[in-house]
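Have a look at these structures, which come just after this line.
The following pair of complexes shares a single chain, subunit A, combined with subunit B in the former and subunit C in the latter.
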Partner chain A sequence: MAHRVDHEYEYLFKIVLIGDSGVGKSNILSRYTRNEFCLESKSTIGVEFATRTLQVEGKAVKAQIWDTAGQERYRAITSAYYRGAVGAILVYDITKRQTFDNVQRWLRELRNHADSNIVLMMAGNKSDLNHLRAVSEQDGQALAEKEGLSFLETSALDATNIQKAFQTILTEVYHIVSKKALAAQEAKANASIPGQGTTINVAETSGNTKKGCCST
Partner chain B sequence: MTKDGKPDWLNNLLWSITLSGGEDHIHCHSHSPTISPNVVFEPIIQPLVLVPPPATASSPQSTMTSPKSKSRDQVDKNNDDNSNDNDQNASSSDGSPDDISRKFSKKVVNLWELWQNASQGIPEGARIRSTVWKLLLGYPPPNHMQWSYELAKKRSEYKQFKEELLMNPTEMARKLEKSAVRDNDHSEYESSGLLSRSQGWWYFKDSEIIEQIDQDVKHTHPDMNFFSGNSQLAKSNRDALKDILIVFSKLNPGIRYVQGMNEILAPLFYVFRNDPDEEMALLSGFRDPFYKQLDNISVGIHAIITRLSQFLKEHDQELWRHLEITTKVHPQFYAFRWITLLLTQEFNFAHSLHIWDTLLSDPEGPPV
Partner chain C sequence: MMNSRVKKGNNMKNKNVNGSGDHLPSIKESRSPEGESEEKASVDEILDGEESNAGNKDSRESFFPWKEELESLVHGGVPKDLRGEVWQAFMGVKARRVERYYEELLAQENDDQHSNSSGVFSKWRKQIEKDLMRTFPGHPTLNRDSLRRLLLAYARHNPSVGYCQAMNFFAGLLLLVMPEENAFWALVTIIDDFFDGYHSEGMIEYQVDQLVFDELMRERFPKLVNHLDYLGVQVAWICAPWLLSIFINTLPWESVLRIWDVLLLEGNRVMLFRTALALLELYGPALITTKDAGVAINLLQSLVGSTFDSSQLVLTACMGFLAVTDSKLRKLRDKHRPSVLLDVEERTKRSRFSEALKGLAYTRYCVKNEPVSLLEEAKPAEDLADGDESKLESHSSYLDQLLCSLNADLVGSQPDIQEQVDWMKVELCRLLEDKRAAVLQAEELETTLVELVKEDNRRLLSAKVLARMEQEQRITEDARRNVEKDAAAQRFAVTMLQEKYEKAMDSIARMEKRVIMAESMLEATLQYESGQAEALSSPRTPHATLDSPRRKAGLLSFGLGWRDKNKPYELAKLDFEESTEQKSDPSTTQEETNSVNEQTLLN
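Moving on, here comes the complex of A and B:
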């Protein structure tokens, strides 16, 4: 337990924001972590991240949210982006059909690079621009169901559903991680390899090993 | 040192000429960066000797021989407003103001000294910075006599590129139709190589790239009137940025357009703010870090990041250990943008220009 002394949170979850450039990832991040929105923001180059600590079912969870350039060219370079991510919010712009059509591309990208257990959520951003809508909410919902993602329409501009989106994904991650932590406790000193898609062997023995999850 | 704080060498008439003729009027911008130049310039004592910059290192030693400069004339302090006169002087190959031309033709610049001086920051006065940057970037040929010729050549090249590459699909389709009628097998466009690919794909890719460029140009220094807003100036500047980036992306199909190029172009454009042909040529020097296939070679982004990490380790091991070992904050997380954008997003614009003075003055070239 000694390693928890310095932290005012019990869990640290890394969440990545992905989606085409210009869909509003950076503004979702700034709205959530700083309650700021900037209509004239610069395009993101490389990676940026910010954190916010919140309560999930009574536990202090620190969300470390990563934002990156949307342009495909940057994927290879920022491969470390996905490392250790337990959740991803896939963002499209409801006023740009192309960004919705590219959701499949992003899902493929995730399958190739992220942990297979990563929790996914899809967000149709810019819901404040309803008069310019090019993707109906039903279309978003249908795709989300087909792909098994949770789904919300959001607006970083007027803050609609931004909190809710993060709360939803972080709660889902928390459930998985706490279940895993339990399983890990139960699995003997069965030194599991931390890494991508490790299957946890749920052997029904109860050892009292320390939980080995995200808090560094 | 002269009374206005400029070193003598900077008062040389050399700096008062522009390399471009600029029929394309991009107006002098009223809110030029205001930095208090605390940099002290030492006058150059030795005669200047022209050494080609690295980019044009084909002729290693001085091509200019007449060592003593005759003119130590005071540069007109309002030289910004005289740009047109100066442009004419500089680019007229008939040498109308023969006198000045002759003086310049004898002028001999020691680029090493230029590097040294410029690396400490160039005093304000855009004319000087623009010329110094051009020299540092190896843009003008070593021989002053060739400047106007080279310039005219580059300008006409760029004009041609614009005509050929910025044509909208409808126009292009019309031309294609015409040429298809003329010759069903080989259109003249195919033979020119410009449209040799599957045209549908080409258009599609184009529109995606152009949209991306458009989006990023709109987000280039949104806080500066020079680039942003609805003024005629800002609009024409944005159009020029867009043209340059589109032409570049088409001329460099392996690189195309990578987000961030707009940020690299912005300071160059701002400083030169003349005919776009210059920036386009200059941008070509910056393409390597954006080229995917080069990511892993010794000058690629991974190698540069590794060098930075080693550098940090050498100079501040404690910080290095904290970042890389303890907290696992690898340099690609914080330095990627520093490197690819040459610090343009880390400081305000005016400060970036000063930093670029130093970056561009590195004899080994900017770090990228």
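Moving on, here comes the complex of A and C:
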């Protein structure tokens, strides 16, 4: 969840990276948090984790990013990592149609196991491999609109849109969280106004009456 | 060396216990007779002059007097050049090996690839292909073709596991220290025996171990666990990569090999737990000072790149956690398994796309472990799960079927798998339809719920508004009452003032009367005096006698002077006239003053 903490950052947001195996989740993570890319990275077993602090509308936000194993059977254990996540980036590979077709299954997975308010973003990764493209950007855009997700095509290899993707989802999360905080404050204020008002008013009127009496 | 045989004896014993679930009965059957001779061969090959009779656990100690020495040698690290051979000996690879089996599996795989049939195999094939280059990326001597063949053959050998990420690392590691076919049998031993149920669909045994590890950790490091709980770090986050990949990629290479030495010698998962606990012991002090979850997890993740004393780790693991034994772990697993199975069931129910194979793996797993108790469990469960009765019924009847077929004809289990898959596919379709209906219903319910909630919210809001309005009304009412009170008090004050004023006026009138009386008395006295004076001496200075009454009248007119402000102007004039007339005629003056007084009284 979103915590307010008084360290070097004001907000801490947990984001999970999900999607089929081999779509480039780990490289998106390493590109974003360490500015590294490895053409031959190892398969992720279980989960991996990294953080990065950034500015969102003038506030220091620490993004805690969880990279999960993509193989289907790992869903049995990775769903435990969705707990407390405020955002999820659903990654597919634009050169592999199957990974795009599986986006629906990942969405269902999230709806079954993640927080219902989780902010979702879809990222079509490997946009540098345009000559091998199997999923058009329009298809991605259309699905994103249909499912109400924000959407970007990214490339961890040449760093296209990687920053933007995280900035977008974190900003969206920030808006929701700050709106929620505001709403909570208002609700609190609303709840306390009648009680407070009564006491103050009563005190004032009685005070006035007394004064009136004394002065006469 | 000897231990390997003993180990294998254990394995075989396990096999016999779980025999009904083995999908390769032909191999197993052939193993027992062949095993012993193979074993002899392997023993002779590696260590000369050892007694070759093994397979009996009870005779373990007597036949193997050097167990402790061997253990301590292994704890010290197996020599690099011997590692491959020693590992094979530990796992009884040579005994396990069945001629031509590996080739047959590969041939099957080849045929299948060309005919391009079964769905699951092609799925695993794709996944294996993806992971080939992602296994020890860039390693110069790892043969990727061997790795592919090895993994494909294993998937054929045990379709209940098929291919699971992490196996690529095991296979890669084994291929680096032994020939391809031996590596296959070693992989079979590790996945089928040591880590049975770990990497299969559903990963049930892993989930059980996760809970076991959680409990052990809480027992051994209560403070650390408290701190991690406080930070919001779940034990699963830490131990998943450790347990699932047996520390490959999570610790430096040397440490991984040293841990594998011990683990393969012992032939169970005890070393896995001991090492994980040792890591927490070594890094606990650093972990407990971390201030947020990210730092804590980063610390544990960065172990792979750190300089590391692997001897210390192995020593801590083996000496520091002697209480963690195989029997203890078994007990703990039995304790936690039901909750995991329940969770898995729950999850399967909940998730809208349960796979046929997951069910297959689950069934296979259950049949393998406790064929009878599951059936017994399934029946009371029927009563509990009202909605899924039919499913469970078919499930249990299917289990019956499966059991019968397994017991009756063990050789026929290979085609049985195909049947299982087919049946599961049918089941899947039915389930999917059920799910779809359920989803629709759920959505309907959700919308109604949302509406209800909205209505509720509205009602709540209006109630709040009403309450506020009421309160405000009450406040204004109070204020009004106060103002009324105020007004009454002021009115009262006004009447009081009026009364006081009237009283004052009364007293003034009385005083005036008294003044008049005094004046008349004075007048009378004056008249009397003047009369006397006239009578006494008329010729004597009339001026002086006239002087005194005039002065007194002036005094009187002055005494009443304060009333001039209220008196009309005529009266003042009259007063003036009076005073002038007084000079000429005192008698008229008196009359005049009387009339004036009367007038003032009237006022």
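The criterion applied here is as follows: the second predicted complex is superposed on the first by the 181 of 216 C-alpha atoms of A that agree within 3 Å, B and C clash if a C-alpha of one lies under 4 Å from a C-alpha of the other, contacts with A are read in each partner's own complex, and residues count from 1 in each chain.
As a convention for this text, contacts are C-beta pairs under 8 Å (C-beta built on N, C-alpha and C of every residue); 3 or more make two chains touch, one makes a residue touch a chain.
Please read these numbers as outputs of a predicted model, since none were measured by experiment.
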| item | value |
| --- | --- |
| Touching partner for A:Lys42 - first (subunit B), second (subunit C), both, neither | both |
| Of subunit B and subunit C, the chain that contacts the larger number of subunit A residues | C |
| Partner chain in contact with A:Asn112 - subunit B first, subunit C second, else both or neither | second |
| Contacts of A:Gly22 with subunit B and subunit C, given as first, second, both or neither | both |
| Touching partner for A:Glu172 - first (subunit B), second (subunit C), both, neither | neither |
| First, second, both or neither for A:Gln64, with subunit B first and subunit C second | second |
| Partner chain in contact with A:Tyr74 - subunit B first, subunit C second, else both or neither | both |
| On subunit A, positions contacted by subunit B and by subunit C | 21-22, 40-43, 45-47, 49, 69-71, 73-74, 76-77, 80, 216 |
| For the subunit C and subunit A complex, residues of the former touching the latter | 127, 130-131, 133-138, 164-166, 168-169, 199-203, 206-207, 210, 232, 234, 236-237, 240-241, 244-245, 249, 291-294, 297-298, 301, 344, 347, 350-353, 355, 358, 464, 467-468, 471-472, 474-475, 478-479, 482, 485-486, 489-490, 493 |
| Partner subunit B, residues of subunit A touching it in the complex | 21-22, 40-43, 45-47, 49, 69-71, 73-74, 76-78, 80, 216 |
| Residues of subunit B that touch subunit A when the two form their complex | 212, 215-216, 219-220, 222-223, 228, 258-260, 262-263, 290, 292, 295, 301-302, 328, 330, 332-333, 336-337, 340-341, 345 |
| Residues of subunit A that touch subunit C when the two form their complex | 5, 7, 12, 21-22, 38, 40-51, 62, 64, 69-74, 76-77, 79-81, 83-84, 105, 108-109, 112, 190, 193-194, 197-198, 201-202, 205-206, 208-209, 212-213, 216 |
